[in-house]
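Some structures to go through are shown next.
In what comes next, subunit A is part of two complexes: it sits with subunit B in the first one and with subunit C in the second one.
What follows is the complex of A and B.
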């Protein structure tokens, strides 16, 4: 079952943790949650994909859309705990050129905080 | 004064065309310039997401737009534009048409009361030039992106094929089907799917893995290849697109269409892979022929590997089963191959040597047993002689230099062509409980040892009073006999005699208390009570006499003298416990009843068994004993009633 496991905000950074297949449905769910925070003024997002083992190109393209939205407001999107296959897909789709990736959530919080 | 640099700066602020134009209009209006943008194409408006400016849908009926318009607006154009738009156009405004691939796509209009015509023309020309470039660049970028997306897609497909090939070639079969399904689903942008495999016993198909599908809805359905999608796959044996999804049970949960592929093994259908509902940004769409081609490519690989997968699974199961057996036995097993490398080591062996499996398997026994020179020599000896070697109470050192004693067997291993393929070490650890067990076996029967170890509460050690049957067996005239024999022969005869007797004693659950010279003291009822300890003792005694007959025959053949014994048995309360000094302490029994058994024994003539009343009363078959004259024994004021068995007149035991 693909879903958002948890959303937390700390020092202006919103961390969205997911579970399962990062496809259209989960991608749109992330986008929708992120948009709600963007409307409230949040610009920094971290997506923890430790519980997501696979992504398809639609899911990745939705993440690109989210990056574009955040670029418009000088925000940024980062990812942490990517499975190797997800990292490979993100690389192929050029997503990693526009966002940062971190091995662990704590490493990401330290770098982004 | 509006400069072209200012305009350029404003236009560069936003990425989207509509946003650029809105910002430009605001900027120009602030500088007393009227600005308007008209889209002349619905496609153009849609492509560039123009929402804040008019679309002149009917422009094409006016031929003048087909030509490049630039400069001050003429009367005719003014009139026509007025008809098409509500915008407050001024006659003295300037316009410029923007073309894309020779087709007019937009029109810009500019007016200012304060600007001269050439100034307006300059600004208008600059904006027109900027937008022309932007649109061309955007188009090229889009084309590039499209091509790039296609390439990315292809790259992902290739990656996926690599990954699936890797999975199929890997020896790690854990979650293999699940991983295969995940990669297929993600590569083809499907939203859900499943893999079914035929159950060889029932002939029906089981869903062995799925994603995004409620498997419970299939739980009570028997899936066969006699109907539906599986029948079609069985017949066609080729990958298919299923559009009429609602007609089949296996695809009815799909909202668009499905791709189905067979898993073929030895030309027969053995399974199927089904994926459903291709995802796009705007929702589900149908898989097309391109998807089918890729899917076919991937699934054919899986189908080709299916036999190997099944074979690997079977092998893995067998290995697991052998591992489980090997892990559960207490005997340590180490297999050494022909090159001297350790191929296998079981859990017990790891425990005895305190080894880490990763540091042992694959390494030469020279390295593994570097602390055990003698063991290395024995392995070498077996390798050379190709004969089984046994060593009892063999000392070894474990990884932490701790000493252990093992009973070791090293056997050469031969393959089906009788060619030597290494050696196997099997050993029993004699330390700890094993040592206790091994030692204990010298005194009581193996069944008692096992029962004691399994059921600790059955063991009652310590000083306590309990009912025990005590048997004494003594060799008659042995002292005189031994004086005529060589010492080594005396030992040989005695050892053989005791071995024969102790075998009988253990058979009847007796516990060897001690050997005093040529006398045996045996207990029945300790450390474990049985239903009838006196009967066991009597059965033992009678069989001991029969066993002695056989023993004597053997001795005669060897030119050695025959032995004769007398046996006394008494049953009653004794004190049991660890008796002795700090230096030496033994578990034994003491008391009047022990002494009485010894007295009965000393009164028994060769081939006789004398039992007390207390023993006689418990016998199931009393006919073998006759009442004897009461015996006066030391320590007893009254003569003791007793019963006699004479070996020669008894009926042979079965």
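What follows is the complex of A and C.
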């Protein structure tokens, strides 16, 4: 139902693309993949949510944990291609104070690369 | 006086069952010509309401969701048969106090529901909780 579709690294930026419901399971999967890259020295992450059109607060809370982990190593978490309701949810929760959001992946790569 | 059309769901407490409720919400929203924005807000509020009922009611009994359609609004009732809670004692979460502290990162459900819906009311006692949420139709939804 929900999964990581693709993970790619380019110029020190890891892009994780997801599919489906951003719930506890998918949140933990993203966190786990990110932690593997963090152990290898990566500090910049972009989550592409173009194929995830729904979220819950548990999945979003796991993203807060990832932001926290990245802050400890002077890293950054960004999101792109958010469905309007996901962007609204992140805004209400205040996540967008601690991470950047971009309309498209290419726009994000240009800004973060 | 005619009764408002009502859709009723009974959900077992199983993983991701809240998505059944969001699919129903989408159909009802479409029937009412609600905007995609409002439809998304209703779905998100229902997800959080279901998760709260699943996780905090301490009940293994099913939860009931009623979608009550009127000319001017959609009322959604989420009813659990759990231990109840005092909604006035639910702390308002603040990300600034959660980041880089030992504070639990979760606890956003009630706040999100209140932000996303036009009217929210809890009635709760030791036999269960009923959450009533209303989304009003706007001029753009006609």
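We take it that the second predicted complex is superposed on the first by the 113 of 113 C-alpha atoms of A that agree within 3 Å, B and C clash if a C-alpha of one lies under 4 Å from a C-alpha of the other, contacts with A are read in each partner's own complex, and residues count from 1 in each chain.
Quick note on the criterion: a contact is a pair of C-beta atoms (placed from the backbone, for glycine too) under 8 Å apart; a residue touches a chain by one contact, two chains touch by 3 or more.
Quick caveat, the model's predicted, so the values are computed rather than measured.
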item	value
Room on subunit A for both subunit B and subunit C (clash or fit)	clash
Partner chain(s) touched by A:97 [first = subunit B, second = subunit C, both, neither]	second
Subunit B versus subunit C as contact partner of A:67, first or second or both or neither	second
First, second, both or neither for A:54, with subunit B first and subunit C second	both
Broader residue contact with subunit A after superposition on the shared chain, subunit B or subunit C	C
Partner chain in contact with A:110 - subunit B first, subunit C second, else both or neither	neither
Contacts of A:23 with subunit B and subunit C, given as first, second, both or neither	both
Partner chain(s) touched by A:89 [first = subunit B, second = subunit C, both, neither]	both
Residues of subunit A that lie at the interface with subunit B and also at the interface with subunit C	21, 23, 54-58, 61-62, 85, 88-89, 92-94
List of subunit B residues in touch with subunit A within their complex	15, 148, 152-153, 155-156, 159, 163, 182-183, 185-187, 189-191, 211-212, 279-281, 283
Complex contact set, residues of subunit C against subunit A	16, 18-19, 22, 36-37, 40-41, 43-44, 47-48, 51, 93-96, 98-100, 105-106, 108-109, 111-112, 115-116
Partner subunit C, residues of subunit A touching it in the complex	1, 21, 23, 54-58, 60-62, 64-65, 67-68, 71, 83-85, 88-89, 92-95, 97-98
Contact footprint of subunit B on subunit A as seen in their complex	2, 21, 23-25, 53-58, 61-62, 72, 85, 88-89, 92-94
